[in-house]
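Below you'll find the structures, each written out as C-alpha cells.
Each of the two complexes below includes subunit A, the first together with subunit B, the second together with subunit C.
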Partner chain A sequence: MKLEIGNIFIKDIQFAAEAKLADGVLYVDKAALEKIVLEDETIKSVTFDIAKPGESVRITPVKDVIEPRVKVEGPGGIFPGIIAKVDTVGSGKTHVLKGMAVVTAGKIVGFQEGVIDMSGPGAKYTPFSETLNLVMVCEPVEGLKQHDYEKAVRLAGFRVAVALGELGRNVAPDETKVYETCGIKEGIEKYPDLPRVAYVQMLQSQGLLHDTYVYGVDAKKTLSTILWPTETMDGAIVSGNCVSACDKNPTYVHENNPVVEDLFAQHGKTLNFVCQIITNENVYLADKQRSSDWTAKMCRLLDLDGVIVSQEGFGNPDTDLIMNCKKIEAQGVKTVIITDEYAGRDGKSQSLADADAAADAVVTGGNANEVIVLPKMDKVIGTLDYVNKIAGASEETLQPDGSLVVELQVITGATNETGFIKLSAR
Partner chain B sequence: MAKLRVVHYINQFFAQIGGEEKADYPAELRVGEVVGPGMALMQKFGDEAEIVATVVCGDSYFNENLDKATADILEMVKSQKPDVFVAGPAFNAGRYGVACGTIAAAVQEQLGIPSVTGMYVENPGADMFKTKVYIVSTRNSAAGMRDAVAKLAPLALKLGKGEPIGASVEEGYIPNGVRVNFFEKERGSARAVKMLIKKLAGKPFETEFPMPVFDRVAPNPAVKDMAHAKIALVTSGGIVPKGNPDHIESSSASHYGEYDIAGVMDLTAETYETAHGGYDPVYANADADRVLPVDVLRDMEKEGKIGELHHLYYATVGNGTAVASAKKFAAEFAQKLKADGVDAVILTST
Partner chain C sequence: MLRGTILTNNPLVVEKLGPDAPVVYLQCSYQALLEAARDRIHQGARLLTHPLSGSVKPGETPYKSIILTNGKGDVDRQSLQLIENAIQACAKFQQRCDRYRPAVDLDCRLIDWTLLEGALASANQ
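Now for the complex of A and B:
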C-alpha cells in the first residue's frame, strides 16, 4: 500500500469574496462556509475568525482541530464513511494544506473543551499555536442536547475542512513524501533481518461524549482490527470526543499520527513496519478483556517482535493500557507504551490508575496536573464564560486581571499520548 | 549582587586527615577554609557563590554519636548563616552517604536552609534521603568527582537563589518521587521508537516512568445481616445538590462534599446534578439516582432489605483527581462514617 502525500505550505489565511488557494495564501469565502455549516439545522449560527501564531489570541472552548486534505488520486475520499463514501483509503495521492488547521469551538459540555493560546507561556504547550487557525464557533439551536451538539459541530468541522482541502486539488505541492508498507509475506522476504513492528493505537471509546469514529463506525462498537498505516492519513479515524483537552487526540493528530510517521522513518532501516492495530477503551470489563485479548492475539498472529502502544485519555483507560501491555508482553512481543500522568499539582501522587511490572518501557507526555498561569490575551475567540468549569480549571481560574490559573490539562494537546509533543516528566 | 554563602560538609577522608583509623574525628568547623572537594566546587561557583566555612567530621564519629553530632553541626552551620548547604559528594561510601543525607536533611528541615548532597545511587544514604533532599547522582568512586561537581555546583546555586528546580534528568539528581515536567529534545513518538529499537536489540534503555508499587485494599468480609445494617452512599461521580454549593472542581478535585439526604426519597433534575467533568452529564443531571442510587435504597429501606440509609452522603469528582487527594478525603470521611455507626458503604464511580 503506497500513499503519496503532497504538502502545500500555507503561509497566510485571509477572508475574501472568492475562495481560492494561490501562492500559499488561502482565501476563505466566509459566506460559502457558513452555508456549509448551516446545512445542519441544529446549528443556529456560526462565526469565523482567524488566529495566527504569535498573536495575543486565546481560543476557547476548543472542541476539535482538523487539517484540510483532499484526495487527488486513488480510491475513496477524505473522512471515509463520514464525509466521503466508505471506500478504503490510504493509497494514491493526497494533498495537504500544511501549516493550517480548522479549529471548532463552542460550549458543548462546558467541561471538556480546551484552550489554545497563540502566544505567551501557554503557546509552547499546544502544537496548535504554530498553525494558522481558521476558527469556527458554532451556536446550537435552543434545547439541543450536548451529544447532538457535539455531533453537529464535529460534522460541520469536517465539511468545512473538506471544502477547504478541495481548494488544494489542483495546486502543485511544495513537498512530496511517499509512505509505503507491504503485505505480510512480502515484508518477511524483503526485510528478513529486521524486527517486525506494529503500532497499537488505543482509541477513546468510553462513551458519553468520549467517542472516536473509524470509517464512520463508533469505535466502542468495534473489535480490535488492522489498518494499513496510511489509512489514517486520509482521515479514516476521527475524533468525536470531549475528553480533557490535554490528552485527547484531535482529528489533526489522527491525520498526522506521529507514531505512524516516526515508524515510517525507520521502516526498512531498523525495523519492518507491519501495520497499525486499532483497539478501543470501553468502560465495561468484558469489553476491556475482549479488546485486549484480541489485540494480543493479533500481535502473535502477525508474528510481531515489538509494538508501540499509545493511549488516549486517562484514569479508566489506564486499565486498558496496562491490560494491552501485559497481554502483548505475555505473547513474547516487546512493548513500549506512551501515556501521560496525573501526579497531582505537587507531582507527588501516583501518576497512573493502574500499573504492572510488564510495563518496563514507558514514554510519558508529562504531568497534566501541573499548574500554569496564562496571562490575559488581547482577544478571545469563543468565550471565557465556561473557563472556570473546564477540566483542569477551578473556581479561582479566572483572575481579576484576566489571566487564567489552570492545570496543563486545559490546554489542547499539552500532554498528548501519541507522542505528538516534546513535553515529558521525570 | 553579593556572592551566595555556602557551608560545605566533608568527612575525614576528603579533609585529608586520614582513612578508617581517623574515622572517629569529631565535628569541627573551619571558618574561611575551603577543603578538598570544596576547591572544585569553588571553581564551578565562579563569582556567584563562595564557601564561607567547611565542616569536617569523621564518619564513625557522626554515625556513633548521631544526635550530638547532628546538633553540634547544626549549630556550626547556623552560625555561618549560609544561603545553601552542600554535603559531600559521598560516592559509594556508605557511612559518609548516610552522614551527608542526615545532616543535609536536618539543615533543610530544622534551619530552613536549602541543602544538597551527592552520592552513588546504590549508596544506602540515597534510598534513605532521596525524598528529603536533592541528591545528585554520582559515579561509585571519587574518580567521578569532576562529573559530580559539575552537577552539584549548579544545583546548589539554583537552590541558594530560590530558583525553580527542573526535572531529575535535567538537574542530575536521583529521582525523588516528585514528577516534574520539562521539554525533551525529541517528541514522544520518536523517543518511543528509539526505546523500542533498543528493547528489541536487548540493549539497555531507560523508562521515563518506573511503575509504582500499588496499594491494594483487601475487601472486608460480607455484611451478614443486611436487614439491620446502616448503609451509606459515597460517590466519585460528582453528584451534588443543584448549583454545586461547595464548588467541587470538574476535574482534579481539591475537596469533597458532605450532604444531608434525610427525607430525600428521590434525586430529581431540579434538586441534584453532577459536577463531574469526565462524562456526558445529560443522563446524570436528568436523574442523579443513576449515579447515587438514593431511590433504590429508599425502596430497600421500606421493604426491610436494609436497616437504614445513612442521612449523609459524601461526594467528590474522581476525574483527574490525584490518588493522594482521594486517599486524604476517604481517610477523613471514613472516620465520620464510623463515628455515625455506618455498617457498610456503597461506593459508586462513573
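Now for the complex of A and C:
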C-alpha cells in the first residue's frame, strides 16, 4: 500500500469574500463555511475566529483539532465512513494543508476542556500553539441533548476541514513524501534480516466524550483489527473524545501519528514496519480481555518481533495497556509501551493504576498532575465560564488577575501518549 | 438481563434503569463507593467493569457506578488488585467536585451513566 502525501505549506489565514488557496495564503469565506456548519439543524449558530502563533490568545474549551486534507488520487475520500463513502483509504495521493488546523470549541458539558494558549508558558505544552488555527465555536439549538450536541460539533468540524482541504486539490504541493509498506510475504522476502515490527494503537472507547471512530464505527463496538498505516493519514480514525485533554488524541494526531511517522522513517533500514493494529479501551472487563487476547493473537499470527504500544488516557486504559503488554510479551514479542503519568502534584505517587514486570520498556509523556500557571491572555476564543470546571482545574483556577493555575491535564496534547508533544527530557 | 449487581452513588442510574433493575444505590462519596465494592470483592464478588472508568478523575466527579457479580466464595485476586489500585489512585487527585454548580453536577451524572451504559450493552449481549 503506497500513499503520496503532498504538503502545501500554509503561511497565513485570512477571512475573505472568496475562498481560495494562493501563494500559501488560505482565504476563508466565513459565510460559505457557516452554511456548511448550519446544514445541521441542531446547530443554532457558529462563530469563526483565527488564532495565530505568538498571539496573546487562549482557546477553550477545545473539543477537537483537525488538519484539512483532500484525496486527489486513489480510492475513497478523507474521513471515510463519516464524510466520504466507506471505501478503504490509504493509497494514491493526498494533499495536506500543512501548518494550520481547524479547532472546534464549545461547551458540551460543564466540565469540558481543554486549553490552547498561542503564546506564553502554556504554548510550550501544546503543539497546536504552532499551527494557524481556524477556530469554530458552535452553539446548539435550545434543549439539545449532550450526545446530539457532541455529534453535531464533531461532524461540523469534519465538514469544515474537508471544505478547506478541497481548496488544496489543484495546488502544487511544496513538499511530497511517499509512505509504503508491503504485504506479509513480500515483506519477509524483501527484508529477511530486519525485525518485524508493528504499532499497536489503543483507542479511547468508553462513552460520551470518551469515544473514537474507525471508518465511522464506534471503536467500543469493534474487535482488535489491522490497518495499513497509511489509512490513518486519510482520516480512517477520528476523535470523539476530549476529557482530560492532555492525553487524548485529537483527529489531527491520528492524521499525523508520530509513531507511524517514525516507524516509516525506519522502515527498510532498521526494521520492517508490518502494520498497525488497533484495539479499544472499554469499560467492561470481558471486553478488555477479548481485545487484548486478540491483539496478542495477531502479533503472533503476524510473526512479529516487536511492537510499540501507545495508550490513550489514564486509569481504565492502564489496565488495557498492561494486559496488552503482558499478553504480547507472553507470545515472545518484545514491547515498548508509551503512556503518561498521574503521579500527583508533587510527582511522588504511583504513576499508573496498573503495572507488571513485563512492562520493562516504558516511554512517558510526562506527569499530567504537574501544576502550571498560565498568565492572562488578551483574548479568549470560546469561554472561560467553564474553565473552573475542567479536569485538573478547580474553583481557585481562575485567579483575580486573570491567570489560570492548572494541572497539565487541561492543556490539549500536553502529555500526549503517541509522543505528539514538543517537550522532552533529552 | 444483567446477572450481577450495579453498585452506584449516581441517582441518574436509578432513574434510568428503574426499580426492577439489580441496582444497589448508596448515598456516599466516590471513594466510599469503591470501598463498598471492595467489601463485596472480599465476600467473593468479581468486578465486571473497571473501577476507574472515564477520564473525569476521582475528586473531579462525585459519581461512580460499578458492575459486580453476585458470586460468593474465594476472593478474585484480579478484582481485588484493580479495586485496591483504584482506591489508592483517589489520593492523587484534589477534591473539587463538592464545589460544582448544579448544572455541572448533572453533567457528571450523565457521563457516569454513559460509561455504565456502554458496559451494560456489552454485558447484555
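One rule holds for everything that comes next: the second predicted complex is superposed on the first by the 420 of 426 C-alpha atoms of A that agree within 3 Å, B and C clash if a C-alpha of one lies under 4 Å from a C-alpha of the other, contacts with A are read in each partner's own complex, and residues count from 1 in each chain.
One rule holds in what follows: a residue touches a chain if its C-beta (ideal position, glycine included) is under 8 Å from a C-beta of that chain, and two chains touch if they have at least 3 such contacts.
For clarity, every value in this text was computed on a predicted model and none was experimentally measured.
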Combined model on subunit A where subunit B meets subunit C, clash or fit: clash
Touching partner for A:K220 - first (subunit B), second (subunit C), both, neither: second
First, second, both or neither for A:A22, with subunit B first and subunit C second: neither
Touched partner set for A:T319, first subunit B, second subunit C, both or neither: second
First, second, both or neither for A:A286, with subunit B first and subunit C second: second
Chain touching more of subunit A, residue-wise (subunit B, subunit C): B
Touched partner set for A:A172, first subunit B, second subunit C, both or neither: neither
Partner chain(s) touched by A:A343 [first = subunit B, second = subunit C, both, neither]: both
Partner chain(s) touched by A:A361 [first = subunit B, second = subunit C, both, neither]: first
Partner chain(s) touched by A:K422 [first = subunit B, second = subunit C, both, neither]: first
Partner chain in contact with A:S244 - subunit B first, subunit C second, else both or neither: both
Common ground on subunit A, meaning residues reached by subunit C in one complex and by subunit B in the other: 109, 111, 146-147, 206-210, 243-244, 314-315, 342-345, 349-350, 353-354, 369, 389, 391-395
In the complex with subunit A, residue positions of subunit C that touch it: 47-50, 52-57, 60-61, 67, 82, 85-86, 88-89, 91-94, 96, 99-101, 103-104, 107-108, 110-111, 114-119, 122-123
Of all residues in subunit A, those that touch subunit C in their complex: 109-111, 146-147, 204-210, 220, 241, 243-244, 248, 282-288, 313-316, 318-319, 342-345, 349-350, 353-354, 369, 389, 391-395
Sites on subunit B touched by subunit A in the complex: 167-170, 175, 177-193, 195-197, 199-200, 205, 207-214, 247, 249-252, 254, 276-283, 318-325
Subunit A to subunit B touching residues, read off their complex: 109, 111-112, 124, 145-147, 195, 197, 206-210, 242-244, 258-259, 261-263, 265-266, 270-271, 305-308, 314-315, 334-336, 338-339, 341-357, 359-370, 389-395, 407-409, 416-426
